[in-house]
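There are structures below to look over.
In the two complexes that follow, chain A is the common piece, with chain B as its partner first and chain C second.
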Partner chain A sequence: MGAGAKYIDHIVIASNDSAATAKLFAEHFDIEIKRTMSRPGTRAHLEFAKLQEIVLEFAGPGEVQPYDEVKARLGGFVVAVDDIEQAVATVRAAGFPVGDAHPAVQPGAKIASVKAGTGGVPFAFIQYNAIPAEEQKA
Partner chain B sequence: MLSKVHHVGVVVKSADEAMKFYRDALGLTVTADRVIEDQGVRGVLLAIGNSEIELLEPTRADTGVARFLETRGEGMHHICFESDDVDRELEAARAKGIELIDQKPREGLAGMICFLHPKSNHGVLIEFATPIAGGH
Partner chain C sequence: MKAKRIDHIGIVVKDLAAGLATYERNFGFKADPAKGGEIAAMGIRNAFVPVGDTDLEFIQSVADQGPVADFAKERGEGTFHLSLEVDDLNAAVEHLRGLGCRVGNPNDGIAFVSKGSTHGVNLQLIQRG
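Now for the complex of A and B:
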């Protein structure tokens, strides 16, 4: 049964100029950038595209320096689960180090990172609707 | 047109070791596992939702995947976008001036595939794939 991994929720593409990388991907691959945001509490600038269930998250600094060259890399992926506590417990029981589930940036969601054993991939689980609305307001 | 992410490619030292996480702990199903001799890699595909995770283990030292592993270590290697016509995507990329690794599609684990040079995509390696009916 495993951890109940449902689908890849998003793939992070880290860039020193996320807006430029998102624009390049939009031009090269005819994908639509649906949303841009600054991550609350940070100076990160994020842009998002979606292909079916998977979001491409272009992540970079809020203030872009005059780099000679825009550089990007694949920065990990996040897998959706229905029950993040069960996913964390299952993966821990299999011997992998996993952080505790905690509130994610996405409203109502919880996220937990796997620290090793993923083949070098920054990897996390996410569960949407994990935090009741009344708790989110508290 | 590009319809979805077909898979994400992950270079690993040992596919067997990585499968302890992706197959055994996550519970993903292996849909393909074979050595591609001319590429010098063992490729393992694991289904997740409408996409897959591709584990790539070098089987020879003189390949791009082996060089990636040697210089960068294990980690994410590429994103593969699925299309119903990889030839058309390749020509469209060429027309846009995108530098190509493969000048024409070839057979790979995901079907008919081609790679675009990361230089043209801010350093990110991109693959296009058109699955072959009854493939894997």
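Now for the complex of A and C:
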């Protein structure tokens, strides 16, 4: 049955200097950084590129601390589903903890993190158009 | 050179069959029976699970040494590498070397970029077709 995964929505590259890592990828692999964002409240600095349908998200701290070298690693990925509540219920029924679906950074979307049963891979579900427009304005 | 698309994400697992079974049971991801197998030269056994236009490559080490074996010893399981598709692998390798990157020689349509040249991200370049 499964959780109804449709496609990989985005992949996270975590870095102690996400701007520097995004710049390196842009310069070396001709990847266009389409958006940057410093998330209020989380002190995170995010930069986004898109390769066909998949977003590459470079994630790091909002304030870069002094470092000897930039260190990055491949983090997890996020899979798009049609029904996030059904996906969460399916994985919980299989015995694995999943966070409640909550509003994502992307307008109108909800996201839920799978916390185990993934073979050590940070992994989440996202559903677009999960929040009606009138609720987004509220 | 331009990275065209993300071809696949490599995931190291301790037991390939168990890892695939878990992902199928929990998430509905099913392996493509036409892809994967054992690659003795790389000391791995692998399987590919399509998710949309991209694959998850599940990799189990079958050797005592090598990058996958080292990763498994150090971290157990987890995301291992990102594979970027390029149009011309040889040209991409030369381009990156020209920028000062360390890149392995292309072999069977793939080449690995040294983590020292990517801030630590394990990157593979692949040419399809």
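A few notes on this one:
Here, the second predicted complex is superposed on the first by the 137 of 138 C-alpha atoms of A that agree within 3 Å, B and C clash if a C-alpha of one lies under 4 Å from a C-alpha of the other, contacts with A are read in each partner's own complex, and residues count from 1 in each chain.
The working rule: a residue touches a chain if its C-beta (ideal position, glycine included) is under 8 Å from a C-beta of that chain, and two chains touch if they have at least 3 such contacts.
Note that the coordinates shown come from a computational prediction; the quantities given were computed from them, not determined experimentally.
The superposed arrangement places chain B and chain C in clashing positions on chain A. In the overlay built on the shared chain, the residue A:P61 is in contact with neither chain B nor chain C. After overlaying the two complexes on the shared chain, residue contacts for A:G120 are found with chain B and with chain C alike.
Residue contacts after overlaying the shared chain place A:G108 against neither chain B nor chain C. When the two structures are aligned on the shared chain, A:A20 is found in touch with chain B and with chain C.
Within chain A, the residues touching chain B in one complex and chain C in the other are 1-8, 11, 13, 15, 20-21, 24-25, 27-31, 51-54, 56, 70-77, 79-80, 90-91, 94, 96, 117-121. Taken in their complex, chain C has these residues touching chain A: 1-6, 9, 11, 13, 19, 22-29, 51-54, 75-82, 84, 96, 99, 101, 117-122. Considering their complex, residues 1-8, 11, 13, 15, 20-21, 24-25, 27-31, 51-54, 56, 70-77, 79-80, 90-91, 94, 96, 114, 117-121 of chain A touch chain B. Residues of chain A that touch chain C in their complex: 1-8, 11, 13, 15, 20-21, 24-25, 27-31, 51-54, 56, 69-77, 79-80, 90-91, 94, 96, 117-122. Across the complex, chain A is touched by residues 1-5, 8, 10-12, 18, 20-22, 24-28, 48-51, 53, 55, 73-79, 81, 93, 96, 98, 120-124, 126 of chain B.
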